[in-house]
Every structure is written in structure tokens, then in C-alpha cells.
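One chain, chain A, links the two complexes that follow: it is found with chain B in the first and with chain C in the second.
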Partner chain A sequence: MNIRPIFSSLRKHRIPTTLIVLEIALACAVLCNAVFMIGQRIGDIRLPNAIDQAGISVVTVQGTDPDHARDVIARNLATLRAIPGVQAVALMNTVPLSQNGWNTGFTTDPATKGFDDKYVNVAEYLITSGGDKALGLHLFRGRFFHADEYAAGTLGTSFMPTGHAAVITRSFAARMWPGHSALGKVLYMGDTYSYTVVGIVDNVLRPNRNGGDARSFSHSVFLPVAPVESAMNDYIVRSAPVDRDRVLRASIDKLSKLEPAAVVKGRTFSDIRNAYFADTRSMAWMLVLVCAVMIAVTAFGIVGLSSFWVGQRRRQIGIRRAVGATRGHILRYFQTENFLISSLGVALGMILAYGANLYLMQHYEMARMPWYFLPIGALTLWLIGQFSVLGPALRASNVPPVVATRSV
Partner chain B sequence: MLKMTHLSKVYRTEVVETYALRDFNIDVKEGEFVAVTGPSGSGKTTFLTIAGLLETFTGGEYLLDGTDVSGLNDNARSKIRNEKIGFIFQAFNLIPDLNVHDNVEVPLRYRGMKAAERKQRIMDALERVGLASRAKHYPAELSGGQQQRVAIARALAGSPRLLLADEPTGNLDTQMARSVLELLEDIHREGATIVMVTHDPELAARAQRNVHIIDGQEVDLAEEPRFHADPSAAGSMA
Partner chain C sequence: MFGYYLDLALRSLKRNKVLTALMVLALALGIGASITTLTVLRLLSGDPLPQKSAQLYYPQVDPRPAQGFVAGKTRPMPTLTYTDAMNLLKLHKARHQAVMALTHAKVMPVQGSERPFFSDAVMTTSDFFPMFDVPFRYGSGWSARDGEAHARVVVISDTLNQKLFGGANSVGRTLRISSHDFRVAGVLAPWSLQPRFYAVRLGGRSYGDGDGVFLPLQTALADKMRPSNLNCYDTGDLSKLKRAPCVWLGMWVDLPTASQARAYRSFLANYVRQQMALGRLHRPETAMPDLMQWLRQSQVVPDDVRLQAWIAFGFLLICVVNTVGLLLAKCLRRSQEIGVRRALGATRRTVFAQFMVEAGIIGLAGGLLGLAFAELGLWGIRHQPAQYAGLAHLDLSMFAFTFVVALVSSMIAGVLPAWRACVLAPAPQLKAS
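So, the complex of A and B:
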């Protein structure tokens, strides 16, 4: 079809053309960014978390008398272990996705002074003996802690344990020593604390994302401690998934009876995880809704304007048919016209989409949208346009040529 | 060139059947200039729309340039309209969104003609109707007579063998009507076949032959003296 006369004809209808171009541009910008954000959220939900997510329950005990912590904890661990169906038990300071963040920073260089940017932020998991089994960690390289390493770890007045062994996640290992094996390397915090990496495990998520990107969400370090600390509240109780709910009820029940003054609460890890991602999920669904509304509004806008134009140009269509246009010519006229309008909208929309992404990056910790979202968004809107115009265009192509003489 | 025998056209609505044409016969030879007259509602426009393949007919036979058109599909009919026939309408029927140049270009584009040839033909046709200087104007900026001349240029640009005009001067004052008619006479002299519907006896008189339609049928005025009773008709047909 011939573009120039269609273009000059459009210039005679500037206001509706401009409005629909803007609508398409807006849709393009919103769709690109919304789909990108949905993708990011689904990406978060799908991030691997190499612990036994289906078998773990977490029982939290608060209000233990600090002076008797050692005895109370030992008794609690023994009680939990005795519950039928329990496979492993350990005590931790916090658990993945619990929103109870313990963050610290390490550097590979002991000479680094103060908290400068050579420190890499990481989630700090303190675990007692058997913690690897209680969590169901997957060892990738090296080993888990020995008994003496657990025994050597106490917190004292700091939140960093004494002791010198660490197990870290693969993502953190790759971040600290890219291209090298992390085994045997040392993590430093100033010149006070240092931990030698004895094992590397598959990625375990942090208690919360802590404002980092998707990769740093898996930066975790496990440090061994002796079960003597009142700052450690989370009992990890692992069982087969079928036993889990019963085990959890029994755990809460028994610990409450042992220590009536303490507050005992428990949740399955599945619940913890669902609670963590509930916002992410509802945000993703809201964005899906935004996309659907945007597509519908754009499609209806195009259908509406094209239908209006077909009605308005009925006579002109008849004239074109009278002087020799085939039905195909008329159909293509409206399709080409829509393609031109969509192209203008999409060109503007890609700029808008890019700008919106930049804005969100600056103000809302958004990641950079990959470039290919723009052409895919453009293509989508072209297709929506062609699809929407098809009905009105077919109606136009059915206007009989005799209209040229009759409807005066 | 154009031969209809026992042709009929029926318009059906829920309540009535109107015979716009019944047992209609006409034979227009190549190169003729025929004027079609008749009272309002007698079927003149219907005849012209069928002749120009804008509409199908109900019964009878129509040979255009020796071809039976009843068997042609929509695309073939479009092609014939585009290549063989030029239309001139009472209401000019220019496309308001396009300027004069682009209006004349419309049928040429549907023919798939190369840009250079289109340009040449458009300029020639506009030259011919004396509007070459108005190529960039829009229809709304022109007088009625000028618009009709653009419409004639549009019809001419495709060098049609058959020119169909439905009351081409009906919306024009006498002065403009005359100049349009002179243009048609020029075109006829160059070999085109012209069929023109008109109300105006003076214009009809300048055609080579008159065909009178009454109630959807062709009537020979000489054998139907009752129509001579109409004083206006009598004056002009003499």
C-alpha cells in the first residue's frame, strides 16, 4: 500500500491521531516496564534456596532467662529430638526469608580499615551442631564444621562469634573470589575477626533481600556456635514433609510446657516462605492486571477510533471502490493506516519505556531493563493494533461501491 | 460497447419490491455520446450504476465491451472499473482529506502504476481541465465547478474508454455547466464513449443521441406522443 497519501490524510485528523498515538506510546511504556517487573518478581520467587523447604519447621522461643540459657537450650534441643518423626534439630539466630535480618560485611583483605566499599554485605547465619542436617544444606565443596569448631564459637558481647571457620554459599564465594576456589581462603572483618572457608554450599537465600540485586540475595555465610547463647531463638526442627505439621504442634506444645514463662511460637518454613513472597506475588498479579487493562484500553481505543473512521469515511470508501479499489485495497488501507499510527506510538513508547526504567532505577531500586524488552514491546503493540483494526477494516472492505452514488 | 437486453433491477425491502429497471434495453456503440433523460426516480442512476459495475442486476443480460459481466467476481469488476470506466458524479465525490493531485492519483495507484507515469498523467489531466496550478489545494478550497473539473481529471487520468456521468452539471450554475459540457465534448471528440444522465434538456440536446427512461423502461419519444405533452420536454427535444 502507498504510505504517503495515507499519511497526508492522517494529518487532516490530527487530534484523534495524536490521542491514539499517545495511548499506544503509554501502553508500550507501561507494558515493557510492567512485564519486566513481573519477570523480576517471578525470578525472585524462583530463586533457588537449597534447604529442605518442605520438611523444616521453625520454633521460636523468646524470654529464656539469659543466666540459664545453656541449660534451657540443651534441654529444649533434647526434648525436640525426642519427638517421634524428628530427623534433626539445631538452633539458629535467624532463618532464610524470615525478614529477621542479620547482616554483616567481609573483605578478603585484612588491611582494610573501617567499613568501606571493600566490604561485601552478607547474611550471617549462626548454627549449632547438626545445623547442616537440620537445614538440609547441600555441600558443594569442602566440609561442614567439626565438633571443636562448634565448641569454639561464642558470641560474647559482639554479634560475631569467636572461632575461625565458615561455610559460605556459592554465590558469595563467587563474589569474593571470582574465578578462584574459595576453599581455604579467609574472610576478614577488620583485624578482629577472621574466618577460614572450610565448605561451600549451594545457594541459600538471606532472611530478606536487603535492597540488593537478585544475585546478592543468595550471599550467605554460616558460622558455627556452641548452643549457649540467649540471642539464638530459632529452633530448626526437620522431619519428613508428611510428619511436619504434627511435629510442629508437638514441638510448640512441649517447649511451652517446659518453659511456661517464655513465648513459644512456631511456623513451618513453607509458611515463612509464603509470607515472605505474599507481597511479591500480589504485586506481580497487580502488574498483570495493569498490563491487561492497558492492553484492553489500547485495543478498545483502536477499535473505537477505527470504527468511527470507517463510519465517517463510508462514502469515501465507496468512491475508492467505484474508481477501482478492490476489497483487499480497502482492507490494506486501514491496516496500513493502523501500522503507521502504531509505529509512531511505538517509537515514542520505546523512548518512554526507557525513560521510565531509568526513573525507576534512580528512585526505586529497579534493575536495568534489558534492551530486548523494547523491540518485543513494540512488536506486541503492533500486533495488538493489527488485531484490533481487523474487524473495522473488514467492515470497511465490505462497503459496496454503489455508496458513491447513493448516499448523497 | 455497452449493451443491455431485457435487463431488470429489483430493490427488495421488507415491505416493498421496487422495479428500478424492467425489461430495459439499450445499445451504446463505441464512440457514441448518449444523453439519458427522464423524470426523477425513473431509474437513470440505477442504469448508470449497473452500467458502471457498481451494482449487480436482477435479470437479463449486460455485455460490456462484448463481455458478459454477470459472471465476473468482485476483483475482476474492480479491475474493469479501474481500467475501462471513468465516473463523474453529481456530487463530485472527491476525497476531502486529499489534495487535488492526490485525488486524481487515487485510481492510478489502484492500477499499480509507476510513480513517474502517474505524475505525468496527473499533470496532463489537470492541465486538460485547467487546474494544474491548483494541484496542492484541497477540495474544500475550490468552487463547485472546479471540483467537478478535478473529478473529470480523475476520470480522464486513467484514459477510460467509457465515461459515465450522473447529472454532472446538476450542482453547477449555467456558466459552469456549459464549461463542463464543453470539456466532455472535447473528450468525446478524442474517441471516448460517453453516457451522461441529465435533467437539463439543453445539455441533452447537445448529445448525439437521447435515451429517455420512464418507470425503469427505455422509451422512444417519437412513438410515445403522450410525453410530448410535457412542454419542457417538447421544447428541448424538437
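So, the complex of A and C:
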């Protein structure tokens, strides 16, 4: 097919051509960035979290007398264990995605003084005996804590427990000792605290993102403590998923009766996770909606302009048909024309999309868009263009040759 | 003449209903999306205390050791240690000054049958109320002397007063918080600043309902209440918050004139120099942003909200380009009609005006429909789980702004087609028919 006549015809209609090119370019720029943002958000929502997310409930007991913490905790743990269907129970200071942040910092170098940038920020999870089973942690290397390690851990008046054993997540192990096994290595904090890594577990998310990237979101450390600390109020109750809701109701009920002066609240872990990502999810949906409407508007714009074009050129089409062009020729003419315009728009759009991404990266928390988003966006708009032009082009191909002989 | 253009425009729009509907719909969608996101953005980045925000400042000093300090690069920590906060408070160099931290107060029910609950609480000092123009329904705040004497007095919010005392004047009544009895000194009128600027880096929400309980700082500490956000730069004994190497207090000062603000800045620098000479502090950097600067630095407006506004405006731009194209197509199709009008004596200006009126009508219709879309969008946002969801309402200025946006974008869209129409030479158009 000869495309030269198309070019000369487009040159005659510079303004409408420019407008379509501009519209496609803008749509391409917005689409690429919006789809990238949607992808990032879906990635966040689906971040792996290697605990038994379907079976865990968290019951928080606050406002009990701190001077009797030891007795209160022992009684609460025993009460929860006695509920039928409960598989394991443990006490923690906070739970993943609960927004109740407990952050600390560790270094691998005992000589580091003060808290400076050699410290790597990490979420600190304190767990009591049986915590690995209650959470359903997946051991990757090493072991969980021994009974004497749990017994040796107390907080007292600090934010770090006494004791010297730690279990860390794979991503934190890779961050601290890239390329080496973390087992047996030591984490230091100041002069006072040091913990030997005895086990590595699959990634567990932090209570909140704490300003880090997706990888540091699963920098977590588990430290063993004895069940005596008033600063810990999250009871992890694990059951089979079918029993979960009943177990949670029974747990809240029993603990409320046991401690009339305390405030007892409970949520399933699924609810905690949903609540954490609710904003992210609504942003993703909003972006999807905008993309859909934008594609529709662009498509209708192309339909409108192409229809006008076809209407304007009825006579020329008639003449072409009269001198021997087939319907297929006319159809392909309009399709090729649209392809050329789309190509121009898409080329400009990819530059715009890249520029917009650079701007957003500078001013907002946004990552670099991988290159393949550009051709995907381009392909989408090419398809939209071809799809939208099909109707007007078919109408054009149905123009009878006899039109050429009539005036107007 | 305008009436005639209006008639012509309406006839032309009616002649091609589908195209007109498409233009109006596209413009309305763009405007609806932009106004929705802009309303949310304006709401979140608003000034919580417009009458006073220019004279409220947030002094900061850095208590960390010298190691790791890079002059001009390391910013002070976002909150103060107890020692620094108390020193600055007691030197009393501003008209009003208050330090504050957030906590959760366990409120025991007044009626025996109900269960205790936690309420968002602020531990603060007496100037908090006059400095932030906090409105009282009953009673008042506590005096500086009450604060120092560890008096068990409390100020509660309107919401909490409704919940506990049925909205009655509860001043003088007793409220049990944790395990101590407090006397209600004051009840606030409904008061919830958006954003809740004083809570921004203290571990609380930035938007949404106000706090329920306000307690004197010294009393709350004596009762072992803990700050919601405790940020430690060294290991230490956390049970002794007053000495622990941790920052957890925010401080605000009221400096009505620029010269007072300047004086306070040099006072702050002097204070740090003096503390460095004593060996207590090690970093000379200080900062004292005013309220709006502090909100910007703390990035209270979520990035997602700004990104949404960008996307919405990109979308509006596409809709405008789309409308330009469709208007142009329409007007070129009417070349002959224009030719006739020109030949009968219409000037270029009148042809131009005629087409701009047509564009304006599309703009107004788009604005009206866009308003409906914006209301729909805001309704959607109100049903989202975000902190600020309940606040998303269209106000009068945004209502007016919608029509300005609609008219301006339709005028921009109309200029090119109208210009093309008015420069058409009449003769060839007449000949062609």
C-alpha cells in the first residue's frame, strides 16, 4: 500500500491531525504512569507475609494493672488455651500491619558508637514461648528459641530485652550480611545489647512501612521474652480458619469477663491486613476507573474526528471507488491513516510518559517506571486507535461510487 | 446580538445531538475528576488555624551526639527531649508556649454498667488553650500553677461530654482516668482542626476527629501515662522518661510580630550554644518553622492525594483536547453556512463570537454535569476508609470554581475552531455548493 497520498492528505489537515496526535500522546503518558502506579499498589497489597494469615486472631488487652502483669498474663494465656479449637497462643508487643510501630536499629559492627547511619532500622517483635507456632512462622534456616532463651528475656525499663538470641527474616539477613549466611552472626545495639542470630524465617511484614521501600518492609527481628511484661498486650490466637471467628468471639468474651477493668479488643488478622491496605486498594481502584474513562474518551474522540473526516471526503472516496478502488482499499486507507497518526502520538506519548515519571520520582515517593511499560502503553493505544477507526472506516468503504457523479 | 448567537448555537448543538452529548460528557468527566481531587487536596493542605498560623512556631533542637552530624545537612529531630522542652518552657520567652505529647487515656465509665474505654488524649501545659484559641462550651483550661502542682484536672471534648454526661455542664464533676479521679475543669465546644497540626509528629492521626481528653503534662506523667511516640537515640532507662535519651514532646510558641520571632530564633541559638558549652548538647543546628512550613516539612498531605490530582488534571487536559477536535470537526463541516453568513455581511468578529458562544454553552453544560460527577466522586470518597473521608464535601468556593474551570476549559477548546471558522474565505465555500 502506498502511504504517500496519506501523508499529503494529513499535511492538508494539519490541525485535526495535530489534535489527535496530541490526544493520543497525552493518553499514552497518563496511561503508562497510571498503570505503573496500579501495578505498584497491587504489588504492595499482595506483599508476602509468611505467617498463618487465615488462622490468626489478635486480641489486645489494655489497661490492666502493670504491677500484676505476670499473673494477669499467665491467667489470660491459660484462659485462651482452654478455648476449644485454639491451636496455639502467644503474647507479642505488636503484630504485622497493625500500625503499632516498634522500631529499633542494629549494626553488625560492635565498634559503632551512637545511633548513626550504620544502624539499619528494623521492626522489633517480642514473642513469648510458642510464638513461632502461634504465628505459624516458616523456618528457613537454623532453629526457633529454646525454653531457656524465652526465660532469659525481660524488658525491665528498656525497649530491648535481655537475652542474646534472635530470629530474623530472610530480607533482613540479606540486608545485614549480603552473600553470607546470617546464622551465628551477631546484631549489636550500642554497648549494652547484642543478639546472636539462631534462626532465619521467611519474610514477615512490619507493623507499618515506616518510610522504607518494599524490601525494607519485611525487615523484622523476633526476640524471645518471658510472659511478664506489661508493655506487651497483643495475644496471638491461632485456630483453623473455619473456627477462627468463633474462637475470636469466645476469646474477647472470656478475657472481658476475666478483666472487667481492662479494655479488650479483638480482630482477625485478615481484618488487620485489609484495614492496613484499604487506602492503597481504593487508590488502585480510583486509578483503574480513571484509566477506563480516559480510554473511552480517547476512543470517542477518534471516532468523532474520523467520522467527520469520512463525511468530508465522501466525494473523493466516491471518485476513488469509481476509478477502481475496492472496498478493502478504502478500509485499509483509513486504517493506515489512523496507524500513522497513532504512531506519531505514541512516539510523543512515550517521551511524555518518561518525562512525567521522572517528575513524579523527584517530587513523590515513586519508583522508576520499567521500560516495558512504554511499549505496552503504545500497543494499547494503537489497538484503541484501530478499534475506534473501524466503524468510520467501514462506513467510508460503503460509500457507493455513484457519489462521484453527484454534486454535493 | 448575544441572543441571536445563543439561538444559533442551540440550533447547531441540537442538529448533532450525539456529538454534542459526547463533548459535554467528556468535558464533564474531566471537570468532575479534577474538582473531586482538588477538593480533597485543598481540604488536606488547608490552614487549620487561619487567624493565627502565621505567628505560631515550632522550635526544634537536636539532642543527639556529635557523631554523624553534618553541618547544614542533618536536620534536628522532629520532637524535643523532656529536658530541652522544660528548659525552653520555663524561660518563657514567648507570649504563649506549650509542650505536648499524645497518649491514650483509659476513661472509666460514669455509669457502673458500661465498660472502660480508651480515648485519644493530649498531655500538655496550660498555654495550650489560649495559644490555639480553643473554644470552651463550659468552664476553662487549667492554670499554670495547677499544672505545676500536679492538679488532677481535665478538659474534655464535646463528644466525650455527650457520651459521659449527656451533654450537660459537667464542670466540677469527677472523671476517673486510669486509676485516679480527675475534676472536669472545662468542656470544649466541638473542636477538630484539619489537619490536627499539633499531633503531626507525635504518633497520632493528622486528620479526623479531635482529641477527647486534655491533661496537665506533669499530672499525666505522675500517673505513668506514656507518650504515643517515643523516639530514642540511645539506650537508657525508659521508666524515667524525664531523663531518658529519647525525644517525645512537641513545642509550640506564639510570637505575634516578626521582630519577636527573630528574637526567639536568636534566643534558641543562644540556648543551644549555652547547652553545648555545658556539654549537654552537641549539635548547633536549630530550626523554627511556622505552622504552614511545619505541615509542608512533615508532608501531612498523603502523596497519593497529590498524585490523584495530577492524574485528574492530565485527564482534564485530554478531555479539553478532545473537545477542541470535535468542535473543530463540527465547525469545519459548517463552512458553507459560515460562507453564507460572511457573504451576507457578518464580520469575522461576529462569526468568532458566534462560535465562542457555542463553546461556552458546552462549557456550562459540562460544568453542570461535572458538578454532578464531582458530587458523585466526593460521595465515593466519603465511603472510603481514609482518615479524612468524612470531610470530603464541596464548598461554595469550589462550586463556583467548577464553573470557572468549565468555562475556561471550554473557551480554550473553542478558540481554535472559532478562529478557523472566522478566517475562512467566503467565496470558495459559496462556489463549492
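The rule is short, and it goes like this: the second predicted complex is superposed on the first by the 397 of 408 C-alpha atoms of A that agree within 3 Å, B and C clash if a C-alpha of one lies under 4 Å from a C-alpha of the other, contacts with A are read in each partner's own complex, and residues count from 1 in each chain.
Here is the rule we go by: contacts are C-beta pairs under 8 Å (C-beta built on N, C-alpha and C of every residue); 3 or more make two chains touch, one makes a residue touch a chain.
Model, not experiment: these values are computed from the prediction.
Novice: Classify the contacts of A:9 with the two partner chains as first (chain B alone), second (chain C alone), both, or neither.
Specialist: first
Novice: With both complexes superposed on chain A, which partner does A:355 reach: first (chain B), second (chain C), both or neither?
Specialist: In the superposition, A:355 contacts neither chain B nor chain C.
Novice: Could you tell me if A:391 is touching chain B, chain C, both of them or neither one (first, second, both, neither)?
Specialist: neither
Novice: Looking only at contacts as defined up top, I'd like to know whether chain B or chain C touches more of chain A.
Specialist: The partner that reaches more residues of chain A in the superposed model: C.
Novice: When the two structures are overlaid on chain A, which partner does A:316 contact: first (chain B), second (chain C), both, or neither?
Specialist: first
Novice: Which holds for A:370: it touches chain B only (first), chain C only (second), both, or neither?
Specialist: Neither: A:370 stays clear of chain B and chain C.
Novice: Between chain B and chain C, whom does A:401 touch in the aligned arrangement: first, second, both, or neither?
Specialist: In the superposition, A:401 contacts chain B only.
Novice: Could you say whether A:110 touches chain B, chain C, both of them, or neither, answering first, second, both or neither?
Specialist: In the superposed model, A:110 contacts neither chain B nor chain C.
Novice: For A:324, decide between first (touching chain B), second (touching chain C), both and neither.
Specialist: In the superposition, A:324 contacts chain B only.
Novice: Could you give the residue numbers on chain A that contact chain B in one complex and chain C in the other?
Specialist: 408
Novice: Can you list the chain C residues touching chain A in their complex?
Specialist: 19, 22, 26, 29-30, 33, 64-65, 67-68, 104, 106, 108, 115-118, 178-179, 224, 230, 232-240, 302-304, 306-308, 310-312, 314-315, 317-319, 321-322, 324-326, 328-330, 332-333, 384-386, 416, 420, 432-433
Novice: Can you tell me which positions in chain A touch chain C when the two form their complex?
Specialist: It is residues 15-16, 19-20, 22-23, 26-27, 29-30, 33-34, 37, 62-63, 65-66, 113-117, 157-160, 189-193, 256, 260-263, 275, 278-279, 282-283, 286-287, 290, 293-294, 297-298, 300-301, 304-305, 307-309, 311-312, 356, 360, 363-366, 408 of chain A that touch chain C.
Novice: Which of the residues in chain B end up touching chain A in this complex?
Specialist: Those in contact with chain A are residues 45, 48-49, 52-55, 74-75, 78-79, 81-83, 87, 89-91, 93-99, 102, 105-107, 109-111, 154, 158, 166.
Novice: Please output the residues of chain A touching chain B within their complex, sorted ascending.
Specialist: That would be residues 2, 5, 8-9, 12-13, 315-316, 319-329, 400-402, 404-406, 408 of chain A.
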